Amino acid sequence: MTVAIVLLALLGSAWLLAVIEGWMATGRLSPAAPLFRGLAHLGRESIVPRSPDRVFFEAAPVLLLVVAVLGMAVLPLAPDLIIADLGTGALFVNAALAYVLVAVIMAGWGPDGAYGMIGGWRFLGQLIAYSMLIVMPITAVAMRAESLVNTAIVGSQAGLWNIVYQPLGFVLFYIAAMALAFRAPFDLPSAEGELGGGVDAEYTGVRLAVLRLARLTLVVTLASATTVFYLGGWHGPLLPPSAWSLIKTLAVAVSMLLVGHYLPRIREANLMRWCWVLGIPLALLNIIIVGLLILVVP
Amino acid sequence: MTSLPPINTTGSRQRQARFALLQKWVSRAFARDLSCLIVPGQDVALAHGLNVSATGMRVSASPRDANVLLIVGGLSEKMGEVAAVLYAQMPRPRTIIVLGGTTPSSLPGADVSAGLSQEALADAVGRLKRALAEGAFAASAENFDASVLHVQIEYVCPMHPEVVQNEPGSCPKCGMDLVAREAGEQTPEGGHDHEHHHDHEHQSQDHDHDHDHDHDHSNEHSNEHSNEHSNEHQPEHAHENAGTEYTCPMHPEIVRDEPGSCPKCGMDLVVREDGEDEGHSEHEHSSHDHGEHEHGGHDHGGHDHGASGFMSMIEVTKDLPRSADGLQMDWLEVPFGPVFPGLPGGLKLTLTLDGDGVTEGQATSLVGVTSEGENIEESEEMDAETFIGYLSAAIPLAPVSYRLLVCLAIEQAAGLEDDSANAGARTGALERERIASHLGWLAQLGRQLGFAWLTQRAATLQLQVREANRDSLAALEPALHKLTIRLGRTPLLKSRLKGVGLLPTDSFGLRGPVARAADEGGDAWARLWQRLAEISASLDLIKSGGEPELPVLRDVGDVSGTGEATVDTPRGEARLSLKLERGHVKSYELDTACSQHIGLVPKLVEGQELGDALLAVGSLDLSPWEVTS
Amino acid sequence: MYAQAFFVAVFGLAAIGFGVVVFRTSSMMRSALALLFSMTAVGCLFLAMQTEFLGVLQIMMMATEMSIMAIFMVMFMMDPGGLGGMDMSHQKRFSIGAGVSAAVVAIAVALLSDWGPAAEQVVDAQAQTRALGMELLGRSMMIFETAGITILTAMIAATAVSIPVKKLASKDGKEASE
Amino acid sequence: MTMILILALVTGAILFGIGVYGALSQTNLVMIMMGVELMLAGAMVNLVAFWRFLHPEAYSGQMFVLVVMTVMALEMAVGFGVAIARFRAKGSVEMEEAEDLKG
């Protein structure tokens, strides 16, 4: 039952994001467009490139989808609305998201095309840098909750949300989450203007439908993680807990899409430099500050 | 077009009988989900005043995601071939809309053709939707076939690019399995990676003719990688009268009469000519600039005479070019364009990539205009009006400027005085086109940078400016001003553009905004602001000048003479000198800014990251149509 | 108990299977990713043995580690796509002998030793994580700190070794800092 | 329970054996590192099994696994550092061509 509810929420959110994406692209709000698009993809021919690494080519979109869903499985929508409340939930989110990298590299290598290949390896550099900015802010969050259990992390924010308690961590995590979802302005692996679609370039038909769904689901999962770690999860007045979780998740996800709409793509050299030179020291600073706060403030 | 031709189907007819209801829905979905790939490019569609997304179609970046091939205007022969390749890459069901031109002979007939206007486009899309909803699964599907798609497959050795055969087999030099590639495809020196064989923009990789040879073949042969096999291919080195010996590449003391594997290391033995002296290969080896030859002699013996098992990595890497970081890696030659979302349509950029860095690059135009006509034949001789029409149609990104250029040149040839009455209107039209063109460049910049807001905003403004009169232009001024302010405030934009596309200080032949921005820093950021400044300057000129009007040639009659004119087109000065004979253009010579600028590309891209290189090329605002050939 | 045995067996087999694939495929990408999935299976094996923290950590760390492995494979192999079907091994018989004898000896020890009574239950994941933290930052702190310093030293050393000798312009030693 | 312990130990032993084979048979430095990684993975499986089934109260067992993971990361860092340096200098990371390392 819980599984069904969470999956339904995930699917619904992905649909909503697709609608908003369409609205940003064409200026029209058409709720049915994503459904028709999906259906059309199913009917379309799904081309296999000439000499693909078939295993990787087929597995990559599915792996991406599975990873995004697995990440969602340990994130609570409400105190008891969680598929698996693991003892190491916060770490598990990381572990699942690390396989986004694997899926993207597979998608880049599989079709045997130059654009995809460059896109895949670009993402390797990008993710090695930015997964640090996922792990380190989560460390600070877990420090405050004194637990890696996600429900306990939400519980620790009952009085004060982490976005107020550790704003630096939130900013870093939010940026890193966008980089991990490789959406604009961090869409270097799938840049249309630079790589003609990059890792997405060779996918068609059903495979493309799965890939698109996976990428949207990934955004939802990351937004949900942001909600759980920084925005107090299900806490909120009046509305039921799960409604608050959903509202916050969708707000974060939509904000991620909107930010990309209004920003140019980041330059690759800067993407790396800012992360290693600026981001990681700041993340360490965040851990120190939170540590001091925990010790000083009772 | 009253009777609609059947749309090419998914090619899976067995679905038909079974899923009738599903089919109906899928057909409907096809009709609702149109995504088009514009040939030659989105910039051209915008310059023609087409607002494609207003018709409900998405604009796709790659043929894989498109189902409508939207051809805007006439295509040159080369572009026609490119269009055929793109069409072949689109997943079925796929359709073609041709606007204002004829269908290239390389493509099957257009599903819908219409005139070159927004209304015609909207109408065409409507017709296409109806046709798709009804006939997406029509039984009369035919496989698409075109001569450009027939690629001859030849087999090359991954290690020895000079070994080319028509049939699969193994390399006579090293015994490796040969790899399939398309005939005519260039392999970078020593390139043994499999990745550069196909690239979806250009190389005809068509699913109608599945050339799946690479894989099947290597699977087939990888297990029978035996000595017998390599022995069959010893044409150059195995002299028939020389007794053949087999030796281990690692253990020269092992010498056998028959092929087999080395008792010491298990490696396959390699052929060695009887009495071959080691000194020969030793000598050969010392010519390489690498320091360690202690053991290399044996490797080389194997290499030269058909080693089947062992291959020296030093041997492989020594000829590879060195990257900036000193590692010798494979370089990929990757084509970008001529239909590429980040570049103007018709411009083909060939970059040699070292990972994500560009080591060298070259730009060519597939749609360039002819620079000169010498002694045009009687039959092809053009009267003045036809010539104006020809030149302005050949340059869709700045038709007004070239129309004005021809008018001025012909009028001068005819000996007419400067026309002060029309000057204001002509300047107005030129400046209006400058604004529109710069906005088009901004939209293109947005596309390249993935900056969706800029693309949409600039495209909207361009469509509005294109046909605007003086008053409506004045009314647009606040919007244009706001765009400028907004760009100044956009985070990441400065860090993205600053220092990119820096022209060498000794570059000459710069014209137009590129030349004017050279003093301000000479990078993409300076060029952006130069163009923004020109937009407001042009706006001021229009406000103080006359109503913009399309330049019309004054009556020149049947005069003869020579004339020369210069017009500051949006991309820089263009010069035209022509010879008029009895009112007909006898010969002409055209010199444009873009022909000069395209030569800057190799210097601009060299040593840059891929993103920066593309941005640098984009910041020049190259119009491939104006590149003279 | 039987469920646990089942999962241990399944993930153990998966780890071994992917481990074999590592050295049997000629595509370097497949080789690297097979190693990754072998490591992931080992992580799942940890999970099956109720060692949650280590399992999740293993699964997480190996994804990045093996992806880096993959790019180095592509960089440093002559035929990364495996299209040439070339053999990249030597002293096969000796290696097989060594591998088999190592495995046989270890298996023999495993089978023949008297392991005594095995623990039936362990504490849950949360308590485990807590206890591990206490161990790391208490009794074993010195060892842990030493490991940390060693990693730092290795990172610096690797970066220093891998940047070009002549011009020190290339500042990003990021490939070596993982 | 002892049955599961032995199952895990056998798994670890086989992984170690595959690793030994790989490390010895491969000619490329990166492939050799893969063999070493597999050997370490086999060791880790054993360590975890010992902790779980023999001494679940002693967390130094788990800590030891962490140290092994550290060693794996170290091996990667140093190995690739050396690989890059060697490739830069000699153009090869093939062991067959590393004759200069012979005593």
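Letters A, B, C and D mark the chains as written, and numbering starts fresh at 1 in each.
We adopt the following convention: a residue touches a chain if its C-beta (ideal position, glycine included) is under 8 Å from a C-beta of that chain, and two chains touch if they have at least 3 such contacts.
Model, not experiment: these values are computed from the prediction.
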If we look at chain B and chain C, which chains touch each of them?
A, D
Return the chain pair with more inter-chain C-beta contacts, choosing between C-D and A-B.
C-D
Report, in whole Å, the distance between the mean C-alpha point of chain A and the mean C-alpha point of chain B.
33
Mind checking the centre-to-centre distance between chain C and chain D? Centres are C-alpha means, answer in whole Å.
6
Calculate how many whole Å lie between the centre of chain B and the centre of chain D, each centre taken as the average of the chain's C-alpha atoms.
47
Which chain D residues sit where two or more other chains touch them?
84, 87-88, 93, 96
Per-residue multi-chain contacts in chain C, two or more chains:
53, 57, 68, 75, 81, 90-92, 128, 164, 178
Touching at least 2 other chains, the residues of chain B are 194-195, 214-215, 250, 313, 326-327
Can you name the residues of chain B that touch chain A in the complex?
10-12, 23, 25-30, 32-33, 53, 56, 58, 61-62, 64-65, 67, 89, 91-93, 136, 194-201, 205, 207, 210-215, 332, 334, 336, 340-342, 353, 355-356, 446-454, 456, 490-493, 495-496, 500, 609-612, 614
Sort out for me which residues of chain D touch chain B in the complex.
84, 87-88, 90-94, 96-97, 99-100
Show me the residue ranges of chain D that touch chain C in the complex, using the header's touch definition.
1-22, 24-31, 33-35, 37-38, 41, 44-45, 48-49, 51-56, 59-60, 62-63, 65-67, 69-70, 72-74, 76-78, 80-85, 87-88, 93, 95-96
Can you list the residues on chain A that touch chain C in the complex?
53, 55-56, 86-88, 91-92, 94-95, 98-99, 101-102, 105-106, 109, 112, 121, 124-125, 127-129, 131, 147-149, 272, 276
Quick check on the complex: what are the chain B residues that touch chain D?
250, 290-292, 294-295, 299, 310, 312-314, 317-318, 326-328
